[in-house]
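Pasting the structures here.
After this come two complexes, each holding chain A, first together with chain B and then together with chain C.
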Partner chain A sequence: MTIAALDPRTGTALAGLLLSMADDEFVIGFSDSEWTGIAPILEEDVAMSSLAQDELGHARALYELLAGVLGDGRDADALAYDREPEAYRHARLLDHGRGDWATTIARRLLYETADAARLASIGEGWPPLAELVAKIRREERYHVMHVLAWTDRLARAGGDARSRFVAALEALAPDAPTVLAAQEGEAALLEAGILTRPMTSAAASWRAEVAGILGPLGITIALEQAADTARSRSGHSRDFRWLWGELTSVRRSDPGATW
Partner chain B sequence: MTDPLALDPVLPPRGRSERSARPWNEDLPHDERYEHFEAHVTAGGKIEPTDWMPDEYRTAVLRFVEMHANSELMGVLPERDWIMRAPTLRRKLALTAKVQDEVGHAQLLYRVAEDLGKPREAMFDDLLAGRTKFHNVFHYPTRTWADIGIIAWLVDAAAIVAQQALRDSSYGPYARTMQKICWEESVHIMHGRDVVMTLVTGTPSQRTMVQEALDRWWGPLMQMHGPRSDRSKDRDLHWRIKARTSEELRQEFLTIYVPRIRELGLTIPDPELRFDDVAGEWRYTEPDWNELRTVVTNHGPKSQERLEFRRLNREATAWVRAAILSEPGAAA
Partner chain C sequence: MSAVAAPRVPDADAVRDILRGVVDPEIPTVSIVDLGMVERIEVGPERIEVELLPTFVGCPAQELIRGAVVDALASFGRQAIVGFSFRRPWTSDRITAAGRERLAASGFAPPAEPADVRCPYCTSARVAMDSVFGPTQCRSLFYCRACRQPFEAFKLV
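Up next, the complex of A and B:
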């Protein structure tokens, strides 16, 4: 189903939604895969690589849907790799460099819970996305279990581990709401049933969920209302520009080649 | 108490009655036990962690498995940098999965070694202090994306030739672990060949890149199985920890892979390489054994940098291990 089959306003808004979801999964997949081979314990190394592969697999499926919607000849790889850094639309939460294990777990906690709230807001309006989301949610359930286990462990360990974890949560908290910033053209997406609730309402349930997880552990973080989408998903950091330089380096060395 | 039946699927297939047929486990004088043990092993029998075993055997298996585990762990580093640079989503996923497999192999092998009595942290200490070794091929740099293809295809192929023979190892847990590892390595070889194939059929600069990678890796590949050794003096062969000599492994690698490399239009950088029909074996330029000795004693081009990287990483993540080994809530 290309963009031409949808009314232009809905098509443009859908493409925007798909791009932000795909870029989010793509970038967190890269951050997570930076732990492959160097995670704190071998067992966790294997687990983190699986999470990274899941996220990248979701990104690929979302870029494929987007390629179909755009119908401009670009495939999933071209969409994922052949853009300038400023054209990426991932949330500012994912703009932070990999950081230490506490930052990684804090980022995963804030992102996974926000992503779950976003996925729960996708309706049946556009069946290809609804079907993909059903599949993604089955996998994301395990990601949430994994990050909750670590959250509990680090918070209850006390001492250095807890201090690092709380500091990481506080450092990421200002950018965390960007995942659920209002989508451009949200009214059209709601009208078409592609979204079932506004992002502000998804964000409210997400804030309550995070408070429900961290409260019993004695941790409070301030999660403000996100700025608008344009500000939440642009103006990327130096960390992301470094990542972009790495991830496109082989491809840029021989443009147009098949790899 | 754990129901012993619940452990059946993970324990080696052996009934209680067979245990009495393992006389080295009986309360006999040491020399008698030793003789029973040696006769069993040299006849092709398997040994399990719960068996009595001579110190010489335990030490030899531990040394062998520990070096293998170290190699899987250090072998992650040359490829790891390219996980970030993989040029398509498919390659990115395949390379992440491949490196994940290597980490998984390290974990399985360290567990086999742990059962022989050496704690994992002690093995990391020895590796990082340079007291134990890892395979020569993991001491070299990876310069281009083509290295990733050559490593997954040919380094893993040379490794699998050795590892397939280890499925017959006398030490049961090692032999069974090798079954799983060999299966996964065979998938890596397909991934590597696909990367190489795409490059040789690609642009002129891609073809140059892959030939140049083969030129750099050929020397280390020919050294990988080690110098020829005297079968009668090799204790690892005597105890059937391994089943085949270095030269047998190198000959098999050449027999399988020389035609496959040439089939892709690549040139092997050894003018002396040919099959001698009369002798029935490959002739080749003598590998640089001095380079092998230099490299495996941690004087290779990347040895110190990689060990230092691991040392720093281990320090930087020590707090996480401390946190998960502590009692929950102890300091909260």
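Up next, the complex of A and C:
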């Protein structure tokens, strides 16, 4: 289905939604893959690599849908790799560098829960996305299991582990709501049934969920309403520019090659 | 892939039989048919279409499996159109009873809720999940306290 099959307003908004979702999964997937070989314990080396593989797989499937919507000749790889850093539309939460293990777990917790709230907001309006999301949600269950186990472990450990984890949550909290920033053209997406609720209401249920997880552990963080997408998903950090250099290096070394 | 001679007039059953010889390279003991990956087979006068469901969205074996299916269908002498779709989510309950038995026989616990996983070697319930994530996207790591054997269990998706 190309963009021409949808009315232009809905098509443009859908492309924006797909790009946000794909870039989020792409960037967190690559960030997580940085732990391959150097995670604190062997099981986590395997876990982070597997999580990264899942997220990059989701990104690829989303870029493929986007390629169909745009219909401009770019395939999933071109969309993923052939853009300048400024053109990426991932949420600012994912602009933070890998950091230490506590930062990684804090970022995963905030991202996974926000992403779950977003996935729960996708309706049946555009079947290709609805079908993909149904499949992705079944896999994310294991991601949530993993991050909740680590959240519990770090928070209950006390000492350095807990204080680093709490500090990481507090440092990421101002940018965490950017994942659920209002989508451009949200009214059109709601009207078409591609979204079932506005992002503000997804964000409200996400904040309640995070409070329900952290409250019993004696942790409170302030999660404000995010600015609009334009501001929440642009102006990327030095950390991201470095990551972009890494993740595009092979592609740029021989443009157009088949690997 | 298979030495079975192609029938004169292929039908969906003949295609399915050929596909019983195609395996997921990450789980070489169970065919893609027993894994429940084959969603649709259509045999036309000039071409055969096969629609597959990926077990995981990012499964890196998809292209290998697609190629193996195309090769397996070559014996029919018709154009083979093979693709993956998400038209319906692949779920672990699509694995056939025979598939589950074969998984257990090769040391993989079939998909179950983590609390219901049994050791594929001694059937004990005294097992512990060591890690949600294993060597492939579809498996978790367990340890059996009864027979002291580490094993892998399929994720329930």
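Everything that follows uses one rule, which is that the second predicted complex is superposed on the first by the 259 of 259 C-alpha atoms of A that agree within 3 Å, B and C clash if a C-alpha of one lies under 4 Å from a C-alpha of the other, contacts with A are read in each partner's own complex, and residues count from 1 in each chain.
Assume contacts are C-beta pairs under 8 Å (C-beta built on N, C-alpha and C of every residue); 3 or more make two chains touch, one makes a residue touch a chain.
As the structure is a prediction and not an experimental result, all values here were calculated from the model.
Asker: In the superposed arrangement, does A:R138 touch chain B (first), chain C (second), both or neither?
Answerer: After superposition on chain A, A:R138 lies in contact with chain C alone.
Asker: Per the overlay, which chain contacts more chain A residues, chain B or chain C?
Answerer: B
Asker: Touch test for A:D254: chain B only (first), chain C only (second), both, or neither?
Answerer: Touch partner of A:D254: chain B, not chain C.
Asker: Determine, under the contact definition given at the top, whether A:D160 touches first (chain B), second (chain C), both, or neither.
Answerer: A:D160 sits against chain B, while chain C stays out of touch.
Asker: Looking at A:Q53 after the superposition, I want to know if it touches chain B, chain C, both of them or none. Which is it: first, second, both, neither?
Answerer: Both partners, chain B and chain C.
Asker: After lining up the shared chain so the two structures overlap, which partner does A:A39 touch, if you call chain B first and chain C second: first, second, both or neither?
Answerer: first
Asker: Can you list the residues of chain A that touch chain B in one structure and chain C in the other?
Answerer: Residues common to the chain A contacts of chain C and of chain B are 43, 46, 49-50, 53, 56-57, 60, listed in rising order.
Asker: In their shared complex, at which residues does chain C touch chain A?
Answerer: 56-60, 85-91, 130-137, 140-141, 155, 157
Asker: What residues on chain A touch chain C, complex-wise?
Answerer: 43, 46-47, 49-51, 53-58, 60-61, 128, 131-132, 134-136, 138-139, 141-142, 145-146, 149
Asker: Considering the complex alone, what residue numbers of chain B touch chain A?
Answerer: 76-77, 80, 82-93, 96-97, 99-100, 102-104, 106-107, 110, 145, 198, 202-203, 205-206, 313, 316-317, 319-324, 326, 328-332
Asker: Write out the stretch or stretches of chain A touching chain B in their complex.
Answerer: My answer: residues 30, 33-34, 36-43, 45-46, 49-50, 52-53, 56-57, 59-60, 63, 76-77, 80-81, 100-101, 152-162, 164, 218, 243, 246-247, 249-251, 253-254, 257-259.
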